[in-house]
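The structure under discussion appears below in the form of C-alpha cells.
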C-alpha cells in the first residue's frame, strides 16, 4: 500500500509536469491547469490513504476552512486585483511550510533533517511576512513608498546573524526550543525588513521572487518529511518564480539586486530636461482623427487597470474595426503591475489573444500606424529610455509610440508613472494629451462613434 | 565516502544535462560535448573509488582495451562513414548492458531486480545484434535489401513468445540458468530478425531507435544495480533517440510502424508515368550558365557523400561567390543517410553553418533562384511527392528545386534513389542532367572557373 | 544502500532543470496565469501537512499540522480556481 | 521508509521528461553529433560494469563485468572523440 501511494506521487509529479507544459500555449493552457490540479488531487488523496493517519477530523476541518476561504477569494477577486491576490496566496503557502517544518520536528531527528526543518521554517517565514508586506503595499493598505532609515543595514545584518546563529544552535541542541522560537521570530521579522525598502511598484518582482521562495520552502519541507512530491512540485515552482523575476528585471533593464536593495521609486526623481509644449485635445477632436485613421495601435498600461477601462477599450476597438481601421494592441512585458497583467485584463474584456502583439512585434510596424492610443501607460512608452542616457530608465526597451503619425495619451494629469520621471513623449509635436480618467475618455469616444 | 560518491553522481547527472543543453546550438555544441564527457569522467572516477572494489586489474585491462579500440575508431573513421560508426558503438553499448545485467544476477535477488535484469539483457541483446545487422547493411557488408520470407511473422511471433516465457520462468526460478541462456540467445536472434526485414536505406531510423534502446538498456541496468546515474543518463539517451526517430519519420512522411514492418525500399517500385525528355548538359555549358547566375542554391544528397564531393563543392561555392553570385545550401532533413548527415559533411569542408538553410527557409526563396545545383540528391527533390497522389512518397515535404529558373542534376545515371521511384524532375523543361560522378563533375566546373 | 538524501537531491536537481526548461517556453501572454498556477502547485505542502495533522496525538505537532492543512488548502483551492477563471477568458479570434 | 524503487522510478520519469525538453531544442544541423554524443552518454553502463569487474572473485560475474567494461569504454571513448571531431568542424561565417 505504501509503495502504491509512493507510485501515485510519481504519477502526480508527471501530471504537474504535463500541466506546466500545456500552460505554455494559450490554446491548451486551461487544460494544463486542470491536469495540474488533477495531479494535486491525486497527491492529496494518496496522502489521505497513508496508513500513518489515524484521525481525520482535523484534516477535514483544515481542508474545509481552507477551501472555503480560498474558493471565496478566487471567486470574488477582481481581475485588476490579481497581484494582491497572488501575494496573499503566496504568504499562505509560506506559512504552511513554516508550520510543516515546525511540526515535523522531533528531537531525535538526524542533523540533515534538522537542517531541512530550519530551512523550511526560515524560507516559509520570510515568504509569509514578505508577502503580507507586498500585499499591503500593492493594495495601498500601507504606504507604498520605500521605507528607508539610517542604520537599516546594521539592523538587517544583525537579524541575519541572529538567524544564522539561531539555526546553528538549533541543529546542535534541537531539544532547546528557545533556538527554534528565535529563528521563527527572526525570520518573520526578516521578511518584513527585506520588503519594506522596496518601492510599491517593484512589488511584482518581489512577488515573483517570493513565489519562487514558497516553492523552495515546499522543497525544504519535502526533505524534512522525506516526501518526493513536495520536492518535485516545489522545485518546479521555484524555477518558475525565478524565471519570471528574471524576465521582469530584464524588461526593466535593472538587475535583481538593484530592485531588491536600491529603494528605486522611493521618491528621488531625476528630472529630464524636456522641450516643447503640451497640446491637449478634446474627445470630439480625437474622434475626428480616429475616424479618419486606417491603422490604430492601442498601448495599455497600469492606468487602464486603475480605471478598469478594459471593457470600453474593447468596445472602442470593435467600433474602430467596424469603421474600417486595422486595430492592434501593443503589450509591453512590464506594462501594469505584474507580468502578463494587460493580457489578463484584455482577455477579460474578450479581446482575442492573437490581437495582442508583443513589443518586438509592434515596434517595427509603428511607423505605419496612423494613431497610437496610449491608455494609462507612461514609463513603457517613454522615449527617454531610448534617447536620454542620463535617464534612470535609460536602456529599458520601450514601445516606440512616438514613431506613429499621431499619438493620443490618455491620463488624468501630468503626473509621472511609477518610475517617477518626466516623459518627453507628452511634449512631442505629434502628441495630443486627452486628460481625464481613461474609462471616461474612452467612453466618450465610444459615444461619438455610435 | 559512499554518500559522497552518490553526490558525485548527482553532479555528473547535472553535467550531462548541461552538456545536452549546450549541444542545442552550434556555437556552444563543442563545449557541451566536453561538459558531458566531464560528467562521464566524474562518474567513472567516483565508481572507481567505491569501497566495494578490491581488485583493479581487470578494470584497467578492460578500460585500456576499450579506450584503444574506441579511440582508434574515432580517429580513423571517415565522416562519410558516420552512420556505420554510430551503429557499431551502439551495438557495443548494448552488449555492455547485456553483460552488466547478467553479471548483476545473484540467485537471492528480489523479483523487481530480476525483472530489471532480464530487461537489460533483453534490450541490450536486441540492441547488439540489431546494430550489427544495421552496420552490415549500411556498409554493404551484407545485402542491404529487405529480407522477407514466408512464415517470417510466425517465426517472429514464436521468438517473442519464447522470450516472454523464458523471462517469466527466469523470474520464477532464477537458479535455473537454462532460462537465462534461453532469453540471451533468443534476444540476440530477435535483434537480427527485427532488422533484416528493413531496407538498407531505412537503417538511419533503425539506428536512432537502437540508440534509444541502448539508453533504455542502461536504464534497466541502472535499476538492476541500483544506480541513479545509469538511470538518468540512460533516460536522456532514450529520449534523444526517440525524438530523432520521430523527426526522421515525419520528414519522410511515414509512420514508425511503416518503417519497421513494411519492408519499404525492398525493390517493389511503383512507377510514376513521366512525360518530357531528358536533356543532358556538358560541364562546359553548365559553366556558362553558372557564370551568368546571380543566385545559386546547392542541394546536396546522399550522392555527395558517396562521391565524397564535399570539398570540391565548397571550392565551387567560393568561386561562385567570388564571381558575384549569392550561394546558399538547402538541406533537407533526411538528405543523406542520417539526420544532419549533410551538415556534418559540409562542416568538414569548412562551409559555415549559417550558409546552410533548412528546407523551410530555402523553399520560399526558390522562385528567385537562377540555378539550383542538385548534387547526388534524388528523393528529397522529387516533385512527385508534391504532385502525384499515387506516389509512395506522396506527402513527404521536399525541396522545390523545380521552381528555380534552371536546375542542374548531378548524378551518374538515371537510376532511382533510395525510395526506388522515378523522379519527374529529371524530365522537366528547366532541368539539365550533368551525368557523372559528382566529385568529377564539380571538379570540372571548378577547373572551368579557375 | 543508497541514502534517501541522495535520491532526494537527485530528484531536486532534475526537477529544477525541468522547471527551467518548461517555464522558459511560456509566452508573455500567459505570465499572470503561470504565476498563479505555479502558486497553486506550491500548495503541495498540503500533502506534507496531512500526514502531520492526522497522527491522532493531541500535541502541538498535530495542531501545527492542522493549521498548515488549512493554509495550504487556501493556496491550492484559491490558486487553481483563480487560474482557471483567468484562463477561461483567453480566447482566440474566431474565423 | 520509502523504497528505493520509488525513488528510481521518480528519477526515471523526471529524466525522460527532461530529455524530451532538451533534445527537442536541438536544431537539425546538429543531429548527427547529437546522435553520437547521446551514444557516448549511453556508455554510462561503464559505471555499473566497474563495480562488477572489481569484486576480486574470479567468477563468471567478474569476467562478464570486465567484458562490459571494455565494451562500454569503446562506446564512451569512441563516442566522445568522434563527436568532438565532428563538432570541431562546425564553423560560423567570419565577419
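Just so it is clear, A, B, C and D label the chains in written order, and each chain counts residues from 1 on its own.
To be clear about the criterion, contacts are C-beta pairs under 8 Å (C-beta built on N, C-alpha and C of every residue); 3 or more make two chains touch, one makes a residue touch a chain.
Fair warning: this is a prediction, and the values are worked out from it, not measured in the lab.
The chains in contact with chain B and with chain C alike are D. Among the other chains, A has the CA centre that is most remote from the centre of chain D. Rounded to whole angstrom units, the spacing between the C-alpha centres of chain A and chain C is 17. Chain C and chain D, compared by their mean Cα positions, are separated by 33 Å.
Centre to centre, using the average C-alpha position, chain A and chain D are separated by 41 Å. Touching two or more other chains at once are residues 17, 226, 228, 232 of chain B. The multi-chain contact residues of chain C, meaning those touching 2 or more other chains, are 1-2, 4-5, 7-8, 10-11, 14-15, 17-18, 22. The chain pairs satisfying the stated touch condition come to A-C, A-D, B-C, B-D, C-D.
On the side of chain C, the complex with chain D involves touching residues 1-2, 4, 7-8, 10-11, 14-15, 17-18, 21-22. Per the touch definition, chain D reaches chain B in the complex via residues 4-5, 7-8, 11-12, 15-16, 18-20, 22-56, 60-94.
Looking at the complex, you find that chain B touches chain C at residues 2-3, 6-7, 9-10, 13-14, 17, 226, 228, 232.
Touching chain A in their complex are the following residues of chain D: 1-3, 5-7, 9-10, 13-14, 17. By the touch criterion stated above, chain B contacts chain D in their complex at residues 16-17, 19-21, 23-27, 29-30, 32-34, 36-37, 40, 43-44, 46-48, 50, 52-56, 58-59, 61-63, 65-67, 69-71, 73-75, 77, 79, 82, 85-86, 89-90, 92-93, 95-97, 99-100, 102-106, 112, 207-208, 211, 214-215, 217-219, 221-244, 247, 331, 333, 338-341, 343-344, 347-348, 350, 352-356, 358.
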